[in-house]
Amino acid sequence: MIRNLRSTIVETVCTVTLIGSSCAFGQLYTFSKQELIDYTAKSPFDRLPDGRPKVPDSMIERARDLSSEEVWAGLHEDSFRNQYADGFQVLHPGKTMVGRAFTVQFMPLRGDVDEISKNKAKENGLSGLTNQTAIDMLQPGDVLVVDLFGKKVDGTIVGDNLFYYVMKATRGGGLVVDGSIRDLDGISRIDMPAYFRTVDPTPIGNVMLTGINIPIRIGGVTVMPGDLVVGDREGVYFIPPQFVREILDRADEIHIHDEWTKMKFDEGRYKSSDIYSSPKDPKLQKEYQEYLKRRLDEIHQQQTSK
Amino acid sequence: MIRNLRSTIVETVCTVTLIGSSCAFGQLYTFSKQELIDYTAKSPFDRLPDGRPKVPDSMIERARDLSSEEVWAGLHEDSFRNQYADGFQVLHPGKTMVGRAFTVQFMPLRGDVDEISKNKAKENGLSGLTNQTAIDMLQPGDVLVVDLFGKKVDGTIVGDNLFYYVMKATRGGGLVVDGSIRDLDGISRIDMPAYFRTVDPTPIGNVMLTGINIPIRIGGVTVMPGDLVVGDREGVYFIPPQFVREILDRADEIHIHDEWTKMKFDEGRYKSSDIYSSPKDPKLQKEYQEYLKRRLDEIHQQQTSK
Amino acid sequence: MIRNLRSTIVETVCTVTLIGSSCAFGQLYTFSKQELIDYTAKSPFDRLPDGRPKVPDSMIERARDLSSEEVWAGLHEDSFRNQYADGFQVLHPGKTMVGRAFTVQFMPLRGDVDEISKNKAKENGLSGLTNQTAIDMLQPGDVLVVDLFGKKVDGTIVGDNLFYYVMKATRGGGLVVDGSIRDLDGISRIDMPAYFRTVDPTPIGNVMLTGINIPIRIGGVTVMPGDLVVGDREGVYFIPPQFVREILDRADEIHIHDEWTKMKFDEGRYKSSDIYSSPKDPKLQKEYQEYLKRRLDEIHQQQTSK
Amino acid sequence: MIRNLRSTIVETVCTVTLIGSSCAFGQLYTFSKQELIDYTAKSPFDRLPDGRPKVPDSMIERARDLSSEEVWAGLHEDSFRNQYADGFQVLHPGKTMVGRAFTVQFMPLRGDVDEISKNKAKENGLSGLTNQTAIDMLQPGDVLVVDLFGKKVDGTIVGDNLFYYVMKATRGGGLVVDGSIRDLDGISRIDMPAYFRTVDPTPIGNVMLTGINIPIRIGGVTVMPGDLVVGDREGVYFIPPQFVREILDRADEIHIHDEWTKMKFDEGRYKSSDIYSSPKDPKLQKEYQEYLKRRLDEIHQQQTSK
Amino acid sequence: MIRNLRSTIVETVCTVTLIGSSCAFGQLYTFSKQELIDYTAKSPFDRLPDGRPKVPDSMIERARDLSSEEVWAGLHEDSFRNQYADGFQVLHPGKTMVGRAFTVQFMPLRGDVDEISKNKAKENGLSGLTNQTAIDMLQPGDVLVVDLFGKKVDGTIVGDNLFYYVMKATRGGGLVVDGSIRDLDGISRIDMPAYFRTVDPTPIGNVMLTGINIPIRIGGVTVMPGDLVVGDREGVYFIPPQFVREILDRADEIHIHDEWTKMKFDEGRYKSSDIYSSPKDPKLQKEYQEYLKRRLDEIHQQQTSK
Amino acid sequence: MIRNLRSTIVETVCTVTLIGSSCAFGQLYTFSKQELIDYTAKSPFDRLPDGRPKVPDSMIERARDLSSEEVWAGLHEDSFRNQYADGFQVLHPGKTMVGRAFTVQFMPLRGDVDEISKNKAKENGLSGLTNQTAIDMLQPGDVLVVDLFGKKVDGTIVGDNLFYYVMKATRGGGLVVDGSIRDLDGISRIDMPAYFRTVDPTPIGNVMLTGINIPIRIGGVTVMPGDLVVGDREGVYFIPPQFVREILDRADEIHIHDEWTKMKFDEGRYKSSDIYSSPKDPKLQKEYQEYLKRRLDEIHQQQTSK
């Protein structure tokens, strides 16, 4: 029930402001629903009420088995080689993070800009412009992705209370912050993946919220709202929606390939180059192809039967 | 003449796009002339055709004597303590940089966004969206301020040819780039101040232009188009226009204060704390006040007579 | 029994040297028992035989539930905002460290000073001046806090033998060293919290012991002997004794606040800002106040009954 | 069986090339079997078919209990103080790594050299010169030690498939790479020790294989093929074979010493300096000597009975 | 005269050792004259007596005007994109360095290997194996390129005495060291370009000389003996000889292009994109082509007449 | 005259406080005149009124020609190998710094300690405890050496006014600060050597003065008041007074040695190892010894005649 409530609120604000031309909450950067739709036009999927592409829940489930290497294999076009970020502390290293990017941007506080932003927010019926303004808009399946420009002191997007709330609101989606968190002891007891640069005891401050669901930069990546976020022990991939299906299908093959490769290594009769990355002997090659086909069929049946 | 030419072009593009609601060149982030005026409403000065506040040329001249400490003294309100950036390589350490911020933002290349941006640029009559798109809009008195997110390889905003052009177009204004430059040997022979993170032989690449004269972040500073940029050996201050006059006046007093202080130290009769930061002895205090008044009068006469 | 033995020794040395004016062991910096008492005069508690404030054992027990954020909340006066240090490797991340600071300082070896220090130590009846000189003075409830100026090679305050001894002598108090340890494999099997910069196989060397229970600097913190040391996954707080009671009481409220907040989030009917950081709706506000009062009463009864 | 197969191959290649004067596979640096034997002449042990000293399996077993400190104690001659490397990420912190160094070196790709190397490799009957060329030569008991000059992107020596193969071929020996690995999620499920600088999703590339079983540099260490590699939570020691027996014997004594020291600390009757590093009281000294002798006898009986 | 003397010595040593199969001085890595010739077979130039390609003196002279960007432009094939190193301190920033790479490699000292190396050196008639062993072989036009693996303390390849000698022997060629130098005050008074990581007062030590004129790694570059080394304010390029002529010719065009571009910018009638990187207007295009041709002719006449 | 004035004040304060037992100004660490004399007892020289060893002015003059290497050569005993610090920005790289260490220590502000310190200062007749308290005590020939624990923001020991005062009071002695300075533009116009970690526009703050002329740590060096400070382009040496004469004498020989070595290199007839570090040929050896004797005589005559 809460989810509907939140959706209603978001849409209301947008409806009001769309009389102008954007879904503006008073933040410095506006990126209207239409602009969001334009810039993510390649997504083959439905959209969330806020305009973000909606990678289907079923694909989010399948993506839980993805590794960074499998995403890399499916995303290695020259103009998409900047979709990976690392250098984070990983809260629960064994737990893959998957979800739709909900982006938030902060910039260093500057009194004149902040005053005007907050006045605009009030005109739009918001009582303030804080991390909670954004957090209150989260949807199930979202990963909260925040640009806090690597800030440590005063750069803590959440403590354990709001982290708990994010977990509830996103149904365990996750958090990526180019900045810090506070209350690590408390947060480490909550079962949601999180990637952060560092930890500090101070609350967030000396910054201003400048964008919600706008394009943001995390490390060397341009993240678009609605990207499929996949995090493992190594780092985080931000996958444009149009690549998701292909990556998942290819990953199925890679899983089978690795399964078979290790099986052959277990036999102890081959050098690594006899088998990997592909078998040299035509007979082995054929054996592999048959194995691949059989296992793919099994997987497809499983997926269909779900 | 060239300047008029360029202004015309800029206005033309804006006129066209203002039929919509912003001065958009196709870049990802738009920040309309009206938004720019709204967010810099506190500026007491005229505006440039592109909407930026125009700190007067006479104040730019006076600002050439400012040091970072004098700006600090005039800008130390709690909500404006983030206006200073350092950690740059300084091209000509003895040469103060002063001018109006012309801001440019790049983000990591991402094929889908880039394609749509460039299509939008074409619809707006631009042949491309590159560093030169922005550089061609520079005005005399500008300092080119560029967010290239600290990028070294492929993050070189200019080589010596374009640096030479920027020098010509801004009349020696200057360059600040959170990124790199190339052709340092050539650039070091050109007489314009520049602040950059590092140097690389590669040309700019693997990025997309995402904003011209939008708010940007340089290190820990939110820079607004039209800020007065002041750079010395230590680093760079970005001064909101509404503070400029007060800082300049206060700096005159600081100059006189330092002049007098050093004169007294030269006499060799006082401990530092007798004189600095203010004289303890009432007689010295009076002497200083008279000196201050006399010198201020002289300075004001000079300024008036110019 | 060992404890009494050790106390006797310490007092003896002090008695002798107090004929002079300080409890000097020959180290370079002396800080007499009287100086220690003077500089920690705000402590409301009893003192240990060596002059350090003695935060009561019962408060040490209560402090085991403190998080860095709770200390931060109680210690955020302007002149006490430097009491937190981080950047350590944490030996047992899930285990809070609490105890009274026993401080030790080393400086880089310098033959002439070292020779004189050691001669003075001999005159005071000590056979040498080493890490063990200090370690032999530890009391139950102490945390050993050591300034080894970040030294890695030759900067290892203990290996597993002495770490084991520190654990026994402090009854599991803990160790903070701005320096390194050796024999991490062995140490990681011992159940005492420890915070260290790094690890090295070399033993301690090329340094001289310059102070025991003197004021020292750990990162950006001035640590006084007898400070309450609280370490969690994030870092270490050094709490002046006069703040301890207030912080503990406030932490009780914060615990209840977080308990209630999460309970409300679990209901799924509220946005985060409806509840956090304080409930907006007067009815909720009242509900919270009643909950707070009831839970505080319960806690106080528990504390009394102990 | 696979092992014999592999040995045969190695010897064949060597036999052929030894007609010249080295066991060259086409790589840039050649280090003939004779040179290897010359430069490791101090080893008292047998040799592997490729010329490396063969520290006996029984000593490898005993070395599993070694800590970095025990190696340090046995290897602290002035001209051997550079045998320790750290700063690695450790895959399985609780699991000691022990084995014989199998060294591999890569250098940055350079088209002209690479072309000639590969031509020479072909003349020697190899189909290429890649990480797998080296990996296919691994023997049981080996630790794969790789100089990839700290490279992250494109510097991944193995992903989970080849890591699995290395585990099978070396019988769980281990991996040290001054470079990166990929597919950390997969690798962390495989039970073999590994030390690496960092992790990246890219496969290895933009490098050329320049040496197999040649002297290489890992951090500040010159590693020779056949060195005994010992890794714990702190870092990795590369022990020249001639020191192995002495270090193992000395470590037995250190184990007993630590055992006894902790036992005495447990009694709670002594200051640390009464006992550590050696007991002061002649009676205790005697007690220790008797304990040492008894325990050493027990250990030797155990070792003999194995 | 000294040069002949030195050449004789080198050849003598080589003659002796060539009875074996390499020009070995006892160092750990040998790289015979024949191997050197094989691996640099693409060089179109004569060779020095030690086998290195000899880029002609006339080309070395022309290369003094090269900038890093011009080398970049001529060396941007995929398999040669690793030929640039930076991150050095530059001794004389305004002075271009040009010369033939004379390579030297050191590795961390290890007593057993060092002993054998030195014995082999003695058998070859050398009294030792030190930095001076290599320095004594330098030829006019050489740049001394040294891998000291970034070592600071004990990693100083020269002080001012040997730096002076290198200057004399190479006729001012230059020095690149991935390591340090000592006596910077003295060295800064000597007129030869130098690139080094850092400075330290210690002399070289705790290392062993492992190769002279072998392939070495400097940062991310594989350097071959005889490469043309070009250093400017930005960093150092190592150019394989086969690319030298083309780069020089192309640089002539780039010089003319920049000359013309700046001339046109001086006219003040064009936007940067009208002119740069190539003129858009066909008339301007033609003007440029004629200018280019005329200036190229002038340059060629100059070069011929020299 | 000012100097006498200052001395008087210092002595007065000391006289008063010596009734207690130390020359205390209220700072946290006290180090009495007697302690200072005890710990520097090896100095063969007179003392300044504050108890510091007074390296004679004539030796300070001779020391202006010292390089770091010459100090290194005279100070390389095992227990004095920690007397060198580097990693500073050097204000005037060509200008050697020489003088007697006047040490000052700051620690992070902590309200309770600061309050007590200031109260004690007041009881001792001082109006406060700030950087100027220390600066007002400087004597001609001093180098101000300050531990500000590397602090950048709020860690600026002086701006241009106080730097000017330090220059006047020390007669151009110099400044070493493990912290920052402000107003670099102004300071760079003042002719006194300075070594600092970094620069910031903020004034000093958030610290407390904890010691004047006490032992302090600068990087890896224990600095004693009265040490001879020698700074060149590389870094700073802190020389215990007892070593000064020997180092100066040895440096004279090194100067002559280098003079002769370069002269021989200029002849072009020798390899570097024929001459350096000492000539091999007995005839050359004799030539050098005669040259050395003659030049030493000349130097001694010069020194005597001064």
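Letters A, B, C, D, E and F mark the chains as written, and numbering starts fresh at 1 in each.
In this text, a residue touches a chain if its C-beta (ideal position, glycine included) is under 8 Å from a C-beta of that chain, and two chains touch if they have at least 3 such contacts.
What you see is a predicted model; the values in this text were computed from it and never measured.
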item: Neighbouring chains shared between chain D and chain E, ordered by label; value: none
item: Each chain counted as touching chain A and chain C at once; value: D
item: Taking each chain's C-alpha mean as its centre, the one farthest from chain C; value: E
item: Interface numbering overlap (same over half, different under half) for chain E and chain F; value: different
item: Farthest chain (mean CA position) relative to chain B; value: D
item: Whole-Å gap separating chain A and chain F, where each centre is the average of the chain's CA atoms; value: 56
item: Between chain B and chain E, centroid-to-centroid distance (C-alpha), Å; value: 40
item: Inter-chain centre distance, chain A versus chain B - centres from mean C-alpha coordinates, in Å; value: 36
item: Multi-partner residues of chain E (at least 2 other chains); value: none
item: Overall pattern in which the protein chains touch one another (line/ring/star/complete/other); value: other
item: Which chain pairs touch, all of them; value: A-B, A-C, A-D, B-E, B-F, C-D, C-F, D-E, E-F
item: Complex interface listing, chain A residues touching chain C; value: 1-2, 5-6, 9, 127, 132-133, 135-136, 159-162, 164-165, 168-169, 182-186, 188, 199-203
item: Residues of chain E that touch chain B when the two form their complex; value: 67-69, 71-72, 84, 86, 93-94, 96, 232-235, 237, 258, 261-262, 265-266, 268-273, 276-277
item: Chain B contact footprint on chain A (complex, rising order); value: 21, 28-31, 38-42, 77-83, 107-114, 116, 149, 206, 208, 210, 214-215, 217, 220-222, 224, 240, 242
